[in-house]
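A, B, C, D and E label the chains in the order they appear, each numbered from 1.
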Amino acid sequence: MKSRPGLDQLGLSTGKKARLHRILYRHGLGNGTAIFLPYDQGLEHGPRDFFANPPAGDPNYVIKLALEGGFNGIAIQIGLAEKFYWDYAGEIPLVLKLNGKTEIPAIDPLSPLNGTVEDAVRLGADAVGYTLYVGSPAQEHDFRQYLQVREDALRLGMPLIVWSYPRGADIDAKGGKDSFYAVDYAARTASELGADIVKVNFPHPDKQSGVPAEYASEFSAQQAIDAVVRSANRTLLLVSGGERMGDAAMLEKARESMEAGATGLIFGRNVWQREHDDSLRFACQLRDILAKYPSP
Amino acid sequence: MKSRPGLDQLGLSTGKKARLHRILYRHGLGNGTAIFLPYDQGLEHGPRDFFANPPAGDPNYVIKLALEGGFNGIAIQIGLAEKFYWDYAGEIPLVLKLNGKTEIPAIDPLSPLNGTVEDAVRLGADAVGYTLYVGSPAQEHDFRQYLQVREDALRLGMPLIVWSYPRGADIDAKGGKDSFYAVDYAARTASELGADIVKVNFPHPDKQSGVPAEYASEFSAQQAIDAVVRSANRTLLLVSGGERMGDAAMLEKARESMEAGATGLIFGRNVWQREHDDSLRFACQLRDILAKYPSP
Amino acid sequence: MKSRPGLDQLGLSTGKKARLHRILYRHGLGNGTAIFLPYDQGLEHGPRDFFANPPAGDPNYVIKLALEGGFNGIAIQIGLAEKFYWDYAGEIPLVLKLNGKTEIPAIDPLSPLNGTVEDAVRLGADAVGYTLYVGSPAQEHDFRQYLQVREDALRLGMPLIVWSYPRGADIDAKGGKDSFYAVDYAARTASELGADIVKVNFPHPDKQSGVPAEYASEFSAQQAIDAVVRSANRTLLLVSGGERMGDAAMLEKARESMEAGATGLIFGRNVWQREHDDSLRFACQLRDILAKYPSP
Amino acid sequence: MKSRPGLDQLGLSTGKKARLHRILYRHGLGNGTAIFLPYDQGLEHGPRDFFANPPAGDPNYVIKLALEGGFNGIAIQIGLAEKFYWDYAGEIPLVLKLNGKTEIPAIDPLSPLNGTVEDAVRLGADAVGYTLYVGSPAQEHDFRQYLQVREDALRLGMPLIVWSYPRGADIDAKGGKDSFYAVDYAARTASELGADIVKVNFPHPDKQSGVPAEYASEFSAQQAIDAVVRSANRTLLLVSGGERMGDAAMLEKARESMEAGATGLIFGRNVWQREHDDSLRFACQLRDILAKYPSP
Amino acid sequence: MKSRPGLDQLGLSTGKKARLHRILYRHGLGNGTAIFLPYDQGLEHGPRDFFANPPAGDPNYVIKLALEGGFNGIAIQIGLAEKFYWDYAGEIPLVLKLNGKTEIPAIDPLSPLNGTVEDAVRLGADAVGYTLYVGSPAQEHDFRQYLQVREDALRLGMPLIVWSYPRGADIDAKGGKDSFYAVDYAARTASELGADIVKVNFPHPDKQSGVPAEYASEFSAQQAIDAVVRSANRTLLLVSGGERMGDAAMLEKARESMEAGATGLIFGRNVWQREHDDSLRFACQLRDILAKYPSP
């Protein structure tokens, strides 16, 4: 396993450290790793994501699942946080997702703000999430909007998790959104822009069409994710699950990520797009992997 | 009837609960259901909407109609509220519609603010209304504008009713504004973004051209509206009447909506685009339906 | 009965009218009169006021009593409103008492702010209360503090009820706090300073030691309260009960007040410093009096 | 044991509930009770309080003691929080004490602000503390200063613990600062003014010189603390230890407090004014008592 | 020598650490110790302080002296900083003294603000100074004023040096301003209130008239200064020279201070109230002492 920095080596303010300690050491396995349950797909993709397992359309079901499955936090939008988190306040960390959008309009990728860091503080959240569309032609608006979030998060001691997502026509032309090149660049961008934690997709080194020369070589998946974690340097890294795929492949991705020094996983559809007990069984398998990679 | 959540299960602040209690339990039937009279068509469509029944061009006539018809509230723009609500202040709840637009310019759908939550407080309103054009290419501006309204409504304890309307070229290309897909997504979007009440059109599951695979199946109208209410989860749901159509069809839509667990109806043109006594007779029929679906 | 002005004759803004209409016509007898239950004695006098009827120390008991007794509103401080009003939000109007003090320090009477008009809006209150110590050497601070409250109440359409209480050494030297002179002056002061409703003690025309010559004559109680209501002019007037005394005397005071054109009563200790059913019986007697004096 | 309200019965916002849940159910015994270690005596009394056990002059020693002793939180001033909490951030809840003073000037009791609620948020604190000197002639300044703290705490979802301390010449003249009368009034005052938790001294019903008639009777210590908890109603109550006294007496006070329905204890000097292992032994005895009074 | 905490053990923000590093490691001896030249006596005492050595009335002379003498910084008021620091900007660290007063009015000690932290940033200062009169009856105003300075210094990453001076009638009655008790309490107060560096007078353990029992014992000067440094804990401590006295006594105080773990000295009149070369000679003797106590 590659070395993972401890919380006291990240340049964190007291409040950020307190909240991250809570997430990483007082929830989930409590060993410095984390697995988060993201649940903003109802906004990002619409209710169609719940057709595979209709009970998952009920936020109460999903928050309870996160609790039962020993997750380190649940990432939701302001509306669900206002209506559903009170019942579980303090029992599981809340990551308030600050921006989001519907998938409908065919415009340059940009995720508008729907909540503020102060909302997160008010709701007792332990972190905020922000989707940054790395490579989007709307980069200027995105960076400007992000700047305010970063400043507020700093002022209020709130950890900032950046969903660092390569997107847009230019990304599509250079290997696509989950090429090693794009993911590596996204991890570094979040680090350069001050994220405390960065969430990336697992890199695919075989997607090389249009990527810069440096990435147009033979890399194993392990080499790629190793490099991505290095690019994030003192920004802790989470690997996201994305669309549902086979369990064996997901578990292998999880293992490689942890081996690379990632802090953890953020798996949504792969967890709740299946029947309840099967969700818990899969979460348990993920936790088994994390248990092998405690922070020093 | 599907279960409808009580006011104490919605995560409401004291002020929002007080005002919604007033609307739902101290006006109209007082049984937890509601029927609202919207009257912003003079701005949205222009006076042409009053040609069918010229007296309805007079706001005083319409507010009085709402009172006589036992409505739970009247939804109007700031100008009419300033000029006409004083006469009826406190007799019927005011829903101040905060944004609105003319139908004239052919631009990306966006409804600009014409009033503020503080205006609503000052006028003694019991709720505010905001039109969100789900799927519009102007999504970024819309969400940003909405964010401020939501924050103000939260700070001042004012219930927020979102007119969640699918609109724009991309919606047109994916089944249209009243497809099951679009309405379902709109209901969920309002819930994710923190609406207290969402107003949607009745879904049409037969409009399937261009919709995602999940919606390209056989669904009954009842199945569709059931799903939409579920997607709104703890956001109370109102079904809007839209353009005037036959009474029998409207009453059937109303019945199916209530059966699905909707909180009520918001019917304008179907009510006041006809002669006075006929308006009241129709309102009475709607109330008869609501009377069969009291909150527990 | 002396004539009492209607709500449309008071120069009220839309929001103030809406909220007062709610209090006067949609709660209690709904006839334009009002009886309020004040419950801030726990702060003003301490828990000793509850020794006569210990259950009254529980705010929940008292709010419920107000509901059962058909009161038009409950007047409480911010802390109790935050903790107890949610359960009854909208069922009975809330009058948020904005200032208050303990009776302990022997200083010039001044009641510091503990809440704001915006708190009242946020909590869904229908009015705010402010204690003005007319005649206190701390007049300057009091008036300055009141100015802000009045401006905020105006801006937010919130009715302002002034507890207009003569207090201080100079009042003691001029007939005392419930002389006809002091009460009459207090009623006028509230009217001059922009109260929507004024709460006064019942005047005692026999307390003449040190009062100005004009008040050092023979006046009946009825003449005195008639004059006080006239002094308040378009400020609606409530007569407060003060310390508990015999029921017959209280009822006679109530009758004379209504005869004089008062809008109603605000009786606390006389109501809840007795056993539950006896409280309701007494409230019923007060309501019987109010029923004889409907607004035109 | 008298019943103690659950966190879901206190009218708490989501953020306050999340943070109190953390304190009461994820630290200490995790059973809804709490024991806090206050450590602001270096400011309130000066370093002389550390002469009994010099290592206790080192904030690092005391925070570590709180951790070892299984305390639910440590209450310190901004300076120590800035310098020492980072090392333990998230391991033990921080209660940021917002005001404080030296004991030197002989002036009307008033505790000036040294920090803000936003400081507390920034540092990852789970509550703020404010000393209110009930009965002080400086009441007006104190209430005004407190108002801002309460509003900020509300806005940011931060639990507010009020050190409700009777003080001043008028208190001295009416039974003194720990009479049943004074403590009972202080508990109620904090509740009326919106504290989430109130910290009081243990009441002494035998101190009757100058107290109001209601308190000039025979009451047992148990009857007195029972009444004080009732006066606090939905404000959770902590009993403070005050100056060091015999262990047996302290433990008996602790037991009676819990029996009355108090939520817990806040003991400083009685804990750290003794040798390290003896401190832990005493803390263990206190925890044994709390273990017998879990929240339902 | 008692241990002195390193810069990385003080809970400093990045900006505060950068500026303190500059002062302590890139000026003076560069060994983690410091000697400052304070020069605000022209305001505090008036020009009478310059009669002993008239050239010292010229700020240019004194700043140059600080440079020649290898001081780590010069502490001056805003007016002198504006007019004289430009010439030496960057050559020697500037400590902008933010408050100050004349000695003329016989009022409760309080030092009003004459500059802001933002002035200090604008002028390129490396620290700000604030005089806190511990024990003054004006404590409330002083703490409130200090709170703003502390918050600004935090926000802008500016080290805050507190001149922690016991003053006022109550101090005079309890051993006086340089009793061990008063100085010890002053050091702790600065630490509790968030100073980065505290400047105190050398304690006199023999001044025991009226001090609390704990201080009414036999203590050596070394024991006293040892305790004071401990009370300051992670707040670095400077010992001030005060009025001019014999060199041997001064040097002994300096040695004892450094032995106790002080970070350095802040000597003004003892330096510049003598002829130029003699000033440098004395400064050299002080530096010789500091050279023996490098930070680890």
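Here, a contact is a pair of C-beta atoms (placed from the backbone, for glycine too) under 8 Å apart; a residue touches a chain by one contact, two chains touch by 3 or more.
This one's a predicted model, so the numbers in the text were calculated from it and none came from an experiment.
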Partner chains that chain B and chain D have in common: A, C
Label of the chain whose CA centroid is most distant from the centroid of chain D: B
Between A-D and D-E, the pair joined by more C-beta contacts: D-E
Centroid comparison with chain E (C-alpha atoms), farthest chain: B
Chain centre separation in whole Å, for chain E relative to chain B (CA means): 67
Distance from chain E to chain D - Cα centre to Cα centre, in angstrom: 35
Inter-chain centre distance, chain B versus chain C - centres from mean C-alpha coordinates, in Å: 40
Overlap residues in chain E, where contacts from two or more other chains coincide: 11
In the complex, chain B residues that touch chain A: 10-11, 134-137, 139-140, 143-144, 146-147, 150-151, 154, 166, 168, 170-171, 174, 181, 184-185, 187-195, 212-215, 227, 230-231, 233-235
Touch list for chain C against partner chain B, complex: 13-22, 25-26, 81-82, 85-86, 89-91, 94, 118, 121-124, 155-157
Footprint of chain D on chain C - complex, ascending: 40, 42-43, 46-48, 51, 54, 57-59, 77-80, 82-86, 100-102, 104-107, 110, 112-116, 119, 141
